[in-house]
Amino acid sequence: MDTYYTKDISLPWRRAVVSVDQFKKPDIDEIFALADRLSVGRTMPLTGKSIINLFYEPSTRTSSSFYAAMTRLGGSVIPINEVNYSSVTKGETLEDTIRTLESFTDALVLRHYDEDATERAVSVASIPIINAGNGAGEHPTQALLDLYTISKERDGLNGLNVTLMGDLKHGRTVHSLTKLLRMYDVKINLVSPPELSLPRFYLHKNDTEHRELGEVIADTDILYVTRVQKERFFDELEIDFSYSVTRSDMDLAKTNLVLMHPLPRVGEIPIELDSDPRSAYFRQVKYGLHVRMALLVALIGRD
Amino acid sequence: MDTYYTKDISLPWRRAVVSVDQFKKPDIDEIFALADRLSVGRTMPLTGKSIINLFYEPSTRTSSSFYAAMTRLGGSVIPINEVNYSSVTKGETLEDTIRTLESFTDALVLRHYDEDATERAVSVASIPIINAGNGAGEHPTQALLDLYTISKERDGLNGLNVTLMGDLKHGRTVHSLTKLLRMYDVKINLVSPPELSLPRFYLHKNDTEHRELGEVIADTDILYVTRVQKERFFDELEIDFSYSVTRSDMDLAKTNLVLMHPLPRVGEIPIELDSDPRSAYFRQVKYGLHVRMALLVALIGRD
Amino acid sequence: MDTYYTKDISLPWRRAVVSVDQFKKPDIDEIFALADRLSVGRTMPLTGKSIINLFYEPSTRTSSSFYAAMTRLGGSVIPINEVNYSSVTKGETLEDTIRTLESFTDALVLRHYDEDATERAVSVASIPIINAGNGAGEHPTQALLDLYTISKERDGLNGLNVTLMGDLKHGRTVHSLTKLLRMYDVKINLVSPPELSLPRFYLHKNDTEHRELGEVIADTDILYVTRVQKERFFDELEIDFSYSVTRSDMDLAKTNLVLMHPLPRVGEIPIELDSDPRSAYFRQVKYGLHVRMALLVALIGRD
């Protein structure tokens, strides 16, 4: 088998988007510029092209985002959501499924519960694969859209004070985002209970760890809040964990704070904060659409 | 939260279609004229536009009708049918789901089992919402297509003798249709067992109530038959209810009778009547497509 | 009811594709020429047209193939995959479902677990129906794509030595393919355990039956391997049946052998053979796309 995916990510992101590690600063500049351009006007550069949304795990948010991105660009989407009940699982390997489906389409957006699924798919595919979440692994397009949101909301990525709060241990979104932020001049504050702190692997010597948002809120430019993923880590439900942002926190925060959340939220940010202009989480969804449009055009836009 | 939906339906239908109460005669004239126009020729005024079909309850008939209407007009549909098993229900509120999905699309077609779902969706949405059935509440596009069917089959809406037969207590279709019919010079006959009669709220002093179709069949211009919705009202299965139209009924009826049914039928109209030219229930489906095309163009056709 | 489907298949295939028995040699020539033409370039002759994929049984492979075929041609697909959980089964007959859905679309691709489903659908439909598998019955588009694969891989259909191996008793694919092959100058070898041999109905006097692939591999031009359909014939699992192609078999085979499989495979062909240029099973998927594009254009391409 001709495997061109390697752990050290020498794989070009235009061939397959599997990890944030594949992206250098100029790549990001290029994607964000393309996202800017595609967000205005309605050109349809992908007319006649298609993608398959192959989702082994349900994720309406992510699949709809790619679906919308593709159709806005004039392309079609073949949705395969019910994989576990379908014929592709009549004992068939993921590799065979990929090699079958690649005949039908120009790129494949894959969400799978196994961490090695993306790697296996990429190893056999002759069309671009986009990792839309591989178990406890990565979700690179989410990290890119988070970074794009910051850059759009603050008109740049340097000199910012970023606070990450919540379940920093398990959130693949947070892990990937920290990697991207390291490329810029950014100070990172971490707020979590000790049981859910950021794994050492992702820590940087300048990071500071905190137990209370109050310790850092006044200096924070970007406050990124995450959800406890109970469906993934049910055995940790014993942790009495309820970090949430309050109106009082917001009163202490900068007037140009950017409050972000990957959604869905389950209490981390109360509804009453939705009307605060600093709440950016729904704008974040829109930015995500534009980043995914940019990725699709970059990957399959040329013939 | 900026709520612009109110119980007295001051909400313009071009902003959200939630209830038949929003429609005045000139609105209906306009929609029907548009439906006439769109039913011929294949213009594609919604190219580059999309809708999301957000169905919390399965309804292949209604979702397919909107799907077909949108694609005929050149637009795309993002289908979200499996909501209960999907990520949007990771504890997320309907309001958050709506605010997330509205970033992806131009309008949202919502079917939900809760009666207050439409109202909640409209209260947060910045794009048009179309109510495709909210529990025991309303199904306004069905009522509009029923009215359109009558107007097409009889070339007008005044001076008609309309007989409604079946479960008149629970059928939201019947409730909404009676409201629309009241705007015209129409005599309504009601045929049902006492346990399933039309709620007082919808009754008009000129209506007549009957137990047998035979009492009114000879004078009837429009015979609208409905199904007992056993899946909604299973506790009433004890009622021995089997009103159905027979060949003998049809022999007594006018030669230009219009026989309608919202479908699916489960015995109310025998298959042998399908070849009777007065059986309009499959043409009704087609008219529904045209009405929904008209609504989509009216709601999202302009930029 | 106006039934125009008859057992002796006088039904023209342009009106409904229900069985391979409908196709004569000139029909096949025409479809294959069209498939050739559509496989190059990206014309979009079905812009503004749609099909409904109505699948009562899951079949991601087949439904995706039709989905891709239709969108490549510029058309839209209305996917109805979850039929058993949906409103169309509120006690509704298949006939009523068909008559409802035909209002929405230009053709209907039907997969159903009942063998008489296609016939029933065709008996009421006024739009083309394509049989995408009816229980233990037929799967004509699979047989056509198998034949097309052979013709493309060997540049013609005459003078070939074709070996069919596996469960020849139950595989509808094999049954339909043998019928098509009979139209050409082809020698057929059958390799299976006695319990799973080809039914007498499909046998021809020149066919030879074998227990071992080794008996015929050296002379074989086309080796068609099938899967034991355990999900259909679970009561036969007692058969200790594990015919598979090995590297040694391939060493004995012709250098221009064509190795085919309808997929999914579950051990009949080991992964190590994927890199052998004679392995045609993934190319077969691609040929299938082109044949289905040709059928769609032939059935709904004209106004």
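We call the chains A, B and C, going by the order they appear; numbering starts again at 1 in every chain.
Here is the rule we use: contacts are C-beta pairs under 8 Å (C-beta built on N, C-alpha and C of every residue); 3 or more make two chains touch, one makes a residue touch a chain.
Being a predicted model, the structure only gives us computed values, none of them experimental.
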Specify, for the interface formed by the sequence copies chain A and chain C, whether it is same or different in terms of residue numbers shared by both sides, with half as the dividing line.
-> different
Any idea what the CA-fit rotation angle from chain A to chain B is, to the nearest 5 degrees?
-> 120
Just give me the whole-number Å value for how far the CA centre of chain A lies from that of chain C.
-> 40
Shared interface positions of chain B, touching two or more other chains | 79, 82
Chain A residues within the chain B interface of the complex | 42, 44, 58-62, 64-65, 67-68, 71-72, 74, 79, 81-82, 227, 231, 263-266, 271, 274-275, 282, 285-286, 288-289
Chain A - residues contacting chain C, complex = 1, 48, 50, 52, 76, 78-80, 82-83, 85-88, 90-93, 95-97, 99-101, 103-105
